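Below, subunit A partners subunit B and then partners subunit C, in two separate complexes.
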Partner chain A sequence: MIRTNALLDRLLGRINGPLEPGRSPPFWLLVVAAVVVLALLPTFLSRYELLNFSNFLSNVFLALGLCLIWGFGGILSLGQSAFLGLGGYAYGIVGINLIEIHGNTWLALLAGLGFPVIVAAALGWMMFYARLKGVYVAILMLVVTLLIETFLNQTAGQGWFIGNAHLGGNNGLGRFSGVIREPPSLTLGFGAETMVVFKGKTQAFYYLVLGLGVLCYLGLRAFVNSRIGHVLVAIREDPDRTEALGYDVRALQLSVFCLSALLASMSGILYVSWGNFITPNVFGVFYNILPVIWVAVAGRKSLTATIVGTVFLVWLSQKLAIQGDIAFVVLGFILLAGMMLLPEGVVTGLGERIGRVFDRLGIGRHGARHGR
Partner chain B sequence: MGAEPLIATRGLSKRFGGVQAVSEADLSLGAGQLRCIIGPNGAGKSTLFKLLLGSLRPDIGTIHFDGRDVTRLEAHRRAHLGIGVKFQNFAVYAELTVRHNLFLPLSHQHRGRAVEREIDDLLARLNLAGTAEKIAGSLAHGQKQWLAIGMALAMKPKLLLLDEPTAGMGPEETEATVRLIRTVNAEGVAAIVVEHDMAFVRQLGAPVTVLHYGRVFAEGTLAEIERHEEVRRIYLGATKLERPPRFKNRQT
Partner chain C sequence: MDTLTFIVSLLYQYADTIAILVLSAIGLFIIFGMMGVINMAHGEMMMIGAYITSFSYYAGIPTPIAVIFGGLGAGVVGIVLERVIVRRFYGQLLASLVATWGISLILSQGALLVLGPLIKSVPTPFGSAGSDDLTFSYYRLFLFGVAILLIAGVWALFKVTRFGLRARATMQDPGSARALGVDVRQVYALTFGLGAALAGLAGGLFALTSTIGPFYGQNYTPQAFITVVVGGGAELISGLLLSVLSLGAIKTIVTNQVNILLGQVAMLVFALILIRLMPSGISDWVERRRLQSRRG
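Now for the complex of A and B:
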């Protein structure tokens, strides 16, 4: 018993730390319960509901990337969805060309993850080594993403083929482009017997997203509570001082920017795997502002809040969207009210209040101040 | 002097648009020495400070530190060579805990439990025992300044750059700060203190460099400086040389 406790302490020690709220045993119990419920969900939900829910969940990576660079690193990017799009397009284009030859999408996956990171490295190098700050990074990223959108929108002509993949202008890559080839779903495995096709309507896809989500959540918790995480938060508070304390601020900003692009690209690849299409819309203003709203309303300084908030808000916008245009007015009011009442984030704010109630009841005193 | 100075600048100049903030400044300081840099508003103290720590590059001139040309070296590399910095205002991470503040400089050399031990040691030395879990912004003003000096010390620098370490302090806190700087200096750490407050400079009793229009105007003991007629005129604001240029860099 003592040995298991020590082991648990060591494991939790890595992912529990002062920089991410939610450290108490009740909090972790809640997390485990949530994962169990999510894992059982396919047995309760209809096929259509599962299809939808898989899509909601796959947005979480985009939001986590933004939470990391903005909430923890202090760099707001208004073009985060560009990396989602680049990942999706790169995956789709390579996938269309190689699926018949290889029978799997390993290379496409690699391209989808790698290409956005290379672009992020180039952009980040220019921005951070020119010591661009604050709002300039945000605006530059918005300009970049709108440029990509404009470019892709004019690729409808027959000249815009990359191998077998037609870029398809504003119809995008996929079934609307008049050309039959659409990007394949993730097809991964080793040898023909173990090959799994992660189509959006399958349970395999759902469990893939869920598994990746849990892994990323725990991994990022460990990351933000590590030494690098402490330095990252210090850079958010004051880059000059952090530099004078002997840290290479620009190199770290660049690395974390690339990591956030990697996370966004996961959402992009999953999106293409889910629906077998992608359009230049994902580079537009709407899709780039959405994650900012999710993260801001949920609580940008918390990974947990970001996940909970994102899934809830995506679900809510879809529920409301069925009601027609008035829904967006309602949604707007909800977001405004949330941000005014709980400026640190709705999920973070509520979590802290619940944590205080727990503290008063004397449960989970280990968890220190913020338990959710 | 025989030994090579710890830090030496030669012909250091920096211009912002039409303003020559620092002009051909020659400054040198031996290991373990103490120096105050004073000067009226806009004399170029802050610019010189930033040139020394590495957040600005000079237009011309060189900086040698510990036998090495560091003119083009970035601030974070200079920090590892042994230049510790305490900035002017808000010199701590006000939103973060005291522990987090001290963790940053200490974690270069220590890991795990050793960092915690070092933090506790340093807190005791800074008269801040028991404040580790407090948010740094909630500390009293003087405590914040000590914490800031502690952060600079935590990297075991050979040279400490202090920008107005007693700004906004009461007499008692100022005295405690003087004692702290003296103790650190007695352990062999050189320090360059940019200061406005003449009472503090007097208490510290270190040699003084006077900056004026970005130039090294005078150097000597405080007594010598105070006898210096030109310096007195500058400080009395009675100088009729020319209209003082306007500076972009903020100074208090």
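Now for the complex of A and C:
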């Protein structure tokens, strides 16, 4: 057993560091099994189910971004979906204008990733360099996103065109706004032969989301376990002391905030590519409380827990939505119950319990603290 | 419209903006100032106040008493929520934010589920007066009067009464206050209840001028949040006043010259610039300047 552990550490390096729970061989076995199952899913699921599941998975990036800043950095943003929306809108607007000229969406992708990051940098500079209190950052982000919603809702008139893209008021970008041009799906490749269109119902889209998900998961694990990741956690625990030790707290908070915006924008771009529409709703209260619920209930201090919890809760809210208006009430109760009974998160709590069972059976090394 | 009419109408709008800002923020402000907790269910307290006001009014109760019922009802809900949920999250500010947001979600969506998307609104009393250029709604002026009265009342409550003394002691240093025999838990519960009651009262008062639905409070919460961020929590009354007067001026001018949306955006931008210059809030900044000048 000890030998496999050493081997894992050498193979995975930082990815298997101490700041993310789940480091033992059984844990990684589960991860590999999960990825294999997910990769085989398209052969088992119907087209409709796959379409749905692709959508669930594309929310994971938004949740990971929030997990990173809140769980690891101690920065809570109640307006995280603003970056999803800005990414989606920027991608959609540039895509509508350029898809026919270029035949691909590389520039739209770049705009969709870049614009939210620029906005995050501007807002973050104002907030973090003012050393603003955490609660202020949280509610200011909410105010920002609600104002964007109000702004976009009044863009139904004919004056609101950006090139060929009509902002469309509360109908948003897409076929519902009575305009022929809808935002294109991601169309990526080099030259006409390799061009792939990632439409929501295709397997290509599903594998794109899955691949990006695995990459981001491993990348973020390496990030939080890096030197910078340790400083980030130190800031969460005590910003003043971290600063006294000579670290630039403000610059790091700003950078991580931008990184979280980048992750959120990935969800936004995938959302538009999936359904070829986006509406101002994504800036509203409900879209913004959802990621907070996912991350809080799942376990904000663990990337793994966040992914598992997000997929489960998105699935659950869709099941509940069929029952009518009850979905949000139930989610609210789940949030409150989770926070009161298992403040560190339900998935994290379950993971610890599973880890302890493994421990008792004598497999794995990290036991209760790092189990899952 | 001549210059005088323009100035008078601008002043009237300023008073109206101030009244709305004070009323929609004062409950949030008190809770934040006392315990550092932002009550994300603030808008739902306003909604509850508005609902109770409407139900009471249509049950035949006179309008003023219906509004007071709205405030009292929201206050009771606030105390219950504090006892059952919020008190578990003291000392974890971000968690309290998320927990009260959860409460907000349950209350607004629950109201939608049980009572539907819209309930009957209450007619505006008093009527209006003025010429073609300029109309005054007496009720709007009345709201301005109520806002001033509420600020005076809250000031008196915290400066004059025994409860106020205990509350201020708790705010300064909960540990020492407890050691000196102050029932800190009770102070927190009452303060939270007071904040909720003021929100409910504002909800009831605004219910007389607008349509009422489950998400009614959300029309007022963004500007209430900005008011709190600008005011900071250090000084209750002066913080609220300075914040409301400055934000109100910006909002009135931009709304008057451009439109309501830009008025709100201007408030946010002003808030962002202000916190860049004085991160701990306007009242704290003024206070520190005062102390510095005293030291010479």
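Keep in mind that, in the parts below, the second predicted complex is superposed on the first by the 347 of 372 C-alpha atoms of A that agree within 3 Å, B and C clash if a C-alpha of one lies under 4 Å from a C-alpha of the other, contacts with A are read in each partner's own complex, and residues count from 1 in each chain.
Here is the rule we use: a residue touches a chain if its C-beta (ideal position, glycine included) is under 8 Å from a C-beta of that chain, and two chains touch if they have at least 3 such contacts.
The model shown is predicted, which means the values in this text are computed figures rather than measured ones.
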{"item": "Partner chain in contact with A:Val292 - subunit B first, subunit C second, else both or neither", "value": "second"}
{"item": "Which superposed partner A:Glu100 touches (first subunit B, second subunit C, both, neither)", "value": "neither"}
{"item": "Subunit B versus subunit C as contact partner of A:Phe333, first or second or both or neither", "value": "second"}
{"item": "Most subunit A residues touched (candidates subunit B, subunit C)", "value": "C"}
{"item": "A:Arg227 touches, of subunit B and subunit C: first, second, both or neither?", "value": "first"}
{"item": "Which superposed partner A:Glu237 touches (first subunit B, second subunit C, both, neither)", "value": "first"}
{"item": "Subunit B versus subunit C as contact partner of A:Gly246, first or second or both or neither", "value": "first"}
{"item": "Contacting residues of subunit A [partner subunit B, same complex]", "value": "18, 227, 230-231, 233-234, 237-238, 240-249"}
{"item": "Footprint of subunit A on subunit C - complex, ascending", "value": "36, 38, 40, 85, 88-89, 93-95, 97-99, 101-103, 105-106, 109-110, 112-113, 215, 218, 222, 225-226, 228-229, 261, 264-265, 268, 271-273, 275-276, 279-280"}
{"item": "Contact set on subunit B toward subunit A in their complex", "value": "53-55, 74-76, 79-80, 85, 87, 90-91, 93-97, 99-100, 103-105, 107-108, 151, 155"}
{"item": "Residue numbers on subunit A that touch subunit C, as the complex places them", "value": "70, 74, 76, 78, 123, 126-127, 129-136, 138-140, 142-144, 146-147, 150-151, 154, 285, 289, 292-293, 296, 324-326, 328-329, 331-333, 335-336, 339-340, 343"}
